[in-house]
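Two complexes, one shared chain (chain A), two partners (chain B, chain C).
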Partner chain A sequence: MSVYPYVIGIVVFGLGLGGIAVSRHLVHAIVCLNVAQTGTYVLLLAVGWRRHGTAPILGGVPKGSHQVDPVVQALTLTDIVVGITVSGLLLALAIQVHRRRGTMDPDELRALRG
Partner chain B sequence: MTRAGRVVLLVLGLGGLLALLAIAAADLPAFGSVHSAYAAFARHAAYADRHAANSVAAVVFDVRGLDTMIEEFILFAAATATALLLRSTREEDAERAEDHGEGDALKLFGIGGVGAVVVLGLYVVAHGYVSPGGGFQGGVVLATAAALVFLAGTYRAFRRVTPQSLLEGAESLGVLAWPALGVGTLASGSAFLANVLPPGSIGSLASAGTIPLLNAATGLAVASAFTLIGVEFLEELFAERARGEEGRS
Partner chain C sequence: MHALVPLPVAVPLAVAAVLGAVGRFLPRQVVDAAAILAAAAVTGVSATLVVGTADRPLHVFFGGWRPHGGLVPGIAFDVDPLSAALATLAGALTVAALVFAWHYFEEALPLFHILVLLFLAGMVGFALSDDLFNLFVFFQLMGIPAFALTGYRVDEPGPLQGALAFGILNTIAGSLLVLAISLVYGRTGALNLVDAGAALAGRPPDLLVTAAFGLVVSAFLVKAGVVPFHFWLADAYSAAPAPVCVLLSGVMSDLGIHAIARVHSSAFAGTFAHREAEVRAILVALGVAGALITAVMSFLQADLKRMLAFLTASHAGIFLAAVALFSPAALAGEVVWVVGDGLAKGSLFLCVGFLLHELQDGDELRLHGRGRRLPVAAAIFVVGAAAVSLLPPFGPFLGFALVGDAAGALGLGWVPALLALAAAVSGAAVLRAAGRVFLGLGDRDDPLLSQQPQHAEREEPEDDVRRPRVALAAAGALLALALGLALVPGLPRHAVAAAAQAQDRHALVEAVLHGVPEPPASAPPQHVGVAAYAEGLATTAAALLLALVGLYRRRLPRLVRVVAGRVAGPPLAALRAAHSGVLGDYVAWLAFGSGLVLGLFAALVR
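Entry: the complex of A and B
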């Protein structure tokens, strides 16, 4: 099935999104966000892959061989690193929520409180 | 909204989204047969034009340089906001730097590993545009060296090698190098972040024009941002422990 890898990416993305929506714990929601992000990486890399392709690097690669798409790899690369720092920020926010409201359950964070 | 209502909304929305995505996926070209014109252009720009042997690095640091600069800003903003958030409720008392004893095996492994990890990280950063690697990956490897110091040694030793002011300065320098170089290329009469330096000979360290500069700046920014985030969370952990001990006594 030639679209199978794309479907994997979409399913992983959907699992992460669903996890965020039904989450009962902020750390769980952050991990689910990372899972959803991973789905986008799978999709990106799947789009860039070529049959019998090699790494998009010169040297040590036979001349005339196909190379996979470097553009989607570059997008994935920067996104992984930036995504982890954003996860760090979200975890810091979760610590603050826990300190101020004494709960990690998003359902208990309803009303705005000054 | 009640929990049940949210689940219904989720099933409707996510179901619709996934159905649309599945229809879109069915129309995508067969896996492994995509011939993107953009990929061909990026490879040509990397190898023939910029003399960078790693075309991923050429895309990150040159062809899509503006995009990566904004990603660096996100990295900077996220690391700074993490530090601000965690520091805002932490009392700055010096008496929390308790040491934690670890096993000898972990200590030995850590002491042997720190040097090797630093060398590996520097190697991955330095050769980022001639072989697989680059500032992002090497920066993360370098940040793990600081984590090894914490694992192998004591919290006090870890804090000695990672003063916050140094990390903040290094991170700012690494991020600032991007717009600074961009303004420099503007002043030289080219486009913002254009590759204005001579390309050199492909496959050697003296190649790829401005890519090595931006690569090194990124390595610095990523290594210090990751270490800073780690430092802030560890500070938080030890402050929490100190609070717990005060509560008991």
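Entry: the complex of A and C
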């Protein structure tokens, strides 16, 4: 099993995190959040991967064939659904920020501090 | 008893769905009544589960997918008296929040009720889950309604800022949890905590296992709001409507700590068995440092909600240090403390909501002396502040006494002393505010305190004279429960017995994987000694003294003031500047914090 999927998963996660940290635009920050989540999907799928494994659909497969782990795929799908819900909510908040404050820069949203 | 277990999650979800479908056609009173009844049902069922699991916990596998031959195909809830107690707390605080919100939100019905019920279902599921992935799902399920409720008043800048920081930071935390899940699943092939623990046990932890534990801890510390993961919490809790703060501060933060305790005792305690002292040292240090730093921040706030937000973060640090002692008495004490503290914090937040409604402001300095005509609110607020400052015999004091015993038995007597100091400093902030608002003590301005933009929770109907009484009744009832909790006969003994059972890994593995019932829970009677009473009273007295110093610090001798200013000034300014309100900074702090946690575990535990 190659180590690359794990490295890529971690790197993509880190890139997303770094993107949020330096973001000057809320939509950009939310997309970076999605990028970070994508890193976790890569890692999850890599964990369940098997060489020459087929999709985990068990009807009519020849005997002796391997399937990749269906559990991590289910986890990834759940994770994606949760991620979309969060993104939708955050984008709705971003629209409100734009409408009420006329800015998309998170740094200008500093009503509370200290 | 088994049949009751799904109800505390299913009932609020079902009622929320019905309200979502037909709620807009129903009169206001019906919506209120349905939501309050659902929350009351959760409270009742959860309380029944606390009593019903006193002998042994329930391991419920949904859909009948029971473990077979050591394989765990199903998804489990693990109900023990401690987790059921937290579910009961969530239910009781939701009832209080909904009663308070009666006539609080006129617009957008029944959205508020639906979100609160979803939030409740998420919190209860999170408290009871015995499965790593389900912990993640409920982590997000309680997060999403909480973000929405925080940003409920979208027409103000504070709530938008708070909700965005809350949403983004907690989603990153969720991703950290997913990373940990993939590591644990990749190593063990198990998602059930007990199953994973059985697979991990017996081998010393390697880098992958310590990384997985570090990621779990980081993720739950974000939810709990322990330094340096707490920045979002201060902004979100200062911006959320008061009844929502009751739930966020009273129970959600502390569920994060409880999850660390549960994941550790079920999944990681076996592999860390020979490294327990090191793991304890790391987590206790994080907890104590965080508790003290955020207690000081709490003392620097003029905005009442923000003061209570930092108090919540400080208490989360206290609870982390308590569970990290890894002893039955400490875990039992932590849960008793969390429940008592949650009730007291809930009542304090309701009092602040009442002030926001009655006096149109929530700022200690601007409210100077304006609370004189509100004696009932004053009494509840002061007693609540004394309860969180460990005044005997309230619930928080009882929990503190148990934690103190546990730390003493481990030879760590300095830990409870520092925890009491943190409780005294944050309690002093609340007492100082009470003195200023309700008695008009101290100065009208104080450059030491940070002020925040004015809240505007004030468009409620002014002609409704019943509402304030209902609101104060809810706050008083929570406080009465915090007192009543401590008077339940034999509570410390039952709590310690339940905690000992929760930490007995071998019995847990036998029960979950092989269906062998656990031996009935038992513990020797626990006595709260005279020394503990003295410590509790001393903490409250210290809080009172610090509150007076805060009110009258300008009357201290000039030399004292100059020296204190020179010594404390620069660090306080730096601490204040770190709370910058900038989202990017918060994310950087989160990355730093999780790097710190991962590094410490990798260095010490390997």
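We take it that the second predicted complex is superposed on the first by the 110 of 114 C-alpha atoms of A that agree within 3 Å, B and C clash if a C-alpha of one lies under 4 Å from a C-alpha of the other, contacts with A are read in each partner's own complex, and residues count from 1 in each chain.
Note that a contact is a pair of C-beta atoms (placed from the backbone, for glycine too) under 8 Å apart; a residue touches a chain by one contact, two chains touch by 3 or more.
Nothing here was measured: the structure is a model prediction, and the numbers come from that model.
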Partner chain in contact with A:58 - chain B first, chain C second, else both or neither: first
First (chain B), second (chain C), both or neither touched by A:106: second
Chain B versus chain C as contact partner of A:26, first or second or both or neither: second
Touched partner set for A:50, first chain B, second chain C, both or neither: first
Contacts of A:7 with chain B and chain C, given as first, second, both or neither: first
Which superposed partner A:71 touches (first chain B, second chain C, both, neither): both
Doubly contacted chain A residues - partners chain C and chain B: 13, 17, 21-22, 46-47, 71, 78-79, 82, 85-86, 89, 93, 96, 107
Chain C contact footprint on chain A (complex, rising order): 13, 17, 20-23, 26, 29-30, 33, 36-37, 39-40, 43-44, 46-47, 71-72, 75, 78-79, 82-83, 85-86, 89-90, 93-94, 96-97, 100-101, 106-107, 109-114
Footprint of chain A on chain C - complex, ascending: 133, 136-137, 140, 143-144, 147-148, 151, 154-158, 160-164, 167-168, 171-172, 174-175, 178-179, 181-182, 185-186, 191, 234-235, 238-239, 300, 306, 450, 452-453, 576-577, 579-585, 587-588, 591
Chain A partner contacts - residues on chain B that touch it in the complex: 3, 6-7, 10, 14, 17-18, 21-22, 25-26, 28, 30-36, 38-39, 42-43, 46-47, 53-56, 58-60, 64, 67-68, 71, 74-75, 78-79, 81-82, 85-86, 88-89, 130-132, 134, 136-137, 139-140, 202-203, 222, 225-226, 229, 232-233, 236
In the complex with chain B, residue positions of chain A that touch it: 2-7, 10-11, 13-14, 17-18, 21-22, 46-51, 53, 55-59, 67, 69-71, 73-74, 77-82, 84-86, 88-89, 91-93, 95-96, 99, 107
